[in-house]
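In the two assemblies presented below, chain A is common to both, partnered first by chain B and then by chain C.
Right after this comes the complex of A and B.
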């Protein structure tokens, strides 16, 4: 399953520490999201991705000298994030 | 003018890519949403009344009588209605013939009653079934056509309704809360 950003214009975002604000230009809605969700959205605004690709991208950005998230943990978290972002219409499934 | 507006909200990304540790992997992605509000007062819109729009609305949003979109009719209206009752769904239509799969709190014995029976608490005392029957009649008669279609009501009744692609199936509590704002 491949996901893409569903907004006509890229949603604007700004992060402060562990809080990120996403402004959906198309709908006018504003969302408070986690940094990981913001990263996922940025990636999907650049290109369509499936879950496996997103896991790879995010794990590449894991801190080397700290405890990285487990693969299963990241897959579960990203699945939830994809559901959440789809629920607020920022992303959607892409036709194969 | 529109271009100038877009200039102000060009996506802004922090200079360095974020890094994630296990502590940064939260259990949720979206903490809260603030829906854009109409400039003038508390008016609903078709987008806000659609299931996906409604699920994004934050608690502080004013959901009141809509002035810009038509709402459906209440269970009490349909209970007594003769002329506007949709001809494609006779009053003798069995609940189970429209909604073949019953999900709690509506049960199979209650589904053996008609749609008209389901509207009457003295006959079938079940709020979920009453709201589903009401929403279905409103959708079939196109009173809620812009934002709620008959097939969506069927999905709600049979426990398979997804407000948006990739979302989560709505539970009974969510469906009841949503359907209550779709009629006068």
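Right after this comes the complex of A and C.
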């Protein structure tokens, strides 16, 4: 399953520590999300991705990480984020 | 020329003729009315305001008048007319002045989209503005009234105007609306304050308006940089507390209190986000006014001691 950003314009973002605000320019809605969710959204605004691609992106960022997160842990967290972002209409499934 | 330079008969002649051009902050208001009680309260509370040029641009044309029709022969009413339209239902004639104030707030909050407009009181000291967003009944106006009787400058009691080009607060100092118990609390706290006669049985209960300090009116063109966002809440017997809120949560709450956040789109978001980025944000609970003032004074002192330049 491939996901893409569902908005015509990239959502505006501001982050402070462990909290980020995403402003959906198309709908005018404002959302409080985690920094990871904000990063996932940024990635999907650049290109369509499936869960596996997103996991790879996280792994690339964890190359020098002595204790990288477990694969299942990443998959669960990213799946939840994708569902949450879809629920608030920031992303959607892409037609194959 | 100021409103206080007019005799009461001259003021009524202007109001009932071509209209009084009242300058409040950035706005010129054209007011027409033949209601004597409205003229008396305007003279009492707006004496320090300048009268604008009749040939100049009038931002809002308003008229307070008795309604037409047979109904006018029973229990007199008043209507608020804006650009020849009646946006509100009539109110009892005794409520003419509160209706003028509420109507003017509505004009600004509905049409002044050059600014981000937050439902908040705002006061200034040492060049920085404390923005106090809060729902009705939270003690916002009581606190605002107390602060301006103790050296803080009134920028606005109800509508905080943020200029979207630079994020500065644009003053709109007008009378402070006090409700119910807060009227006597403010009278006791600041006996020198000038208050309008009480108006009973309004939708908000008993209302009285406190005159804005003359110094605040005189400085109505001096903008201020936002210094703090403080969400005030009066709670009986509560200890005074000032608790920090994260910028992200503060931004969400600030946006909730803005009249035109959605209408301004990305500009609204960027303006609110810039404020959240640069201002400390707090939840403030109080029950003792002197302690509340001391807390605000401490914040202003900290800024002064750090020698931060306001603009």
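Please note the rule applied: the second predicted complex is superposed on the first by the 93 of 96 C-alpha atoms of A that agree within 3 Å, B and C clash if a C-alpha of one lies under 4 Å from a C-alpha of the other, contacts with A are read in each partner's own complex, and residues count from 1 in each chain.
To be clear about the criterion, contacts are C-beta pairs under 8 Å (C-beta built on N, C-alpha and C of every residue); 3 or more make two chains touch, one makes a residue touch a chain.
Because the structure is a prediction, the values reported are computed rather than measured.
**Q** Do chain B and chain C fit side by side on chain A in the superposed arrangement, or is it a clash?
**A** fit
**Q** Considering only the touch criterion stated at the top, classify A:74 as touching first (chain B), second (chain C), both, or neither.
**A** After superposing on A, A:74 lies in contact with chain B but is clear of chain C.
**Q** With the two complexes superposed on chain A, say which partner A:85 touches: chain B (first), chain C (second), both, or neither.
**A** first
**Q** Of the two partner chains, chain B (first) and chain C (second), which one does A:14 touch, if any: first, second, both, or neither?
**A** both
**Q** Going by the touch definition up top, name the partner, chain B or chain C, that contacts more of chain A.
**A** Ranking chain B and chain C by residues of chain A touched puts B first.
**Q** One more residue to check, A:25. First (chain B), second (chain C), both or neither?
**A** Touch partners of A:25: chain B and chain C.
**Q** In the overlay, answer first, second, both or neither for which of chain B and chain C A:35 touches.
**A** First partner only, chain B.
**Q** Check whether A:93 is in contact with chain B, with chain C, with both or with neither, and answer first, second, both or neither.
**A** first
**Q** Kindly classify A:61 by the partners it touches after superposition: chain B alone (first), chain C alone (second), both, or neither?
**A** first
**Q** With the two complexes overlaid on chain A, what is the closest approach of chain B to chain C, counting only CA atoms, in Å?
**A** Here the least C-alpha separation of chain B and chain C stands at 5 Å.
**Q** Take the contacts of chain A with chain B and those with chain C, and give the residues found in both.
**A** After superposing on chain A, chain A residues 12, 14, 19, 23, 25, 28, 30, 32 contact both chain B and chain C.
**Q** So in the complex, which bits of chain B are touching chain A?
**A** 6, 9-14, 17-36, 47, 52, 55-56, 163-168
**Q** Looking at the complex, which residues from chain A come into contact with chain C?
**A** On the chain A side, the touching residues are 12, 14, 16-17, 19-21, 23, 25, 28, 30, 32.
**Q** Where on chain A is chain B touching in the complex?
**A** Going through chain A, the ones touching chain B are 3, 9-15, 18-19, 23, 25, 27-40, 42, 45, 58, 61-63, 66-70, 73-74, 77, 80-89, 91-93.
**Q** What does chain C use to touch chain A in their complex?
**A** 246-249, 251-252, 255, 262, 265-266, 269-270, 273, 276-277
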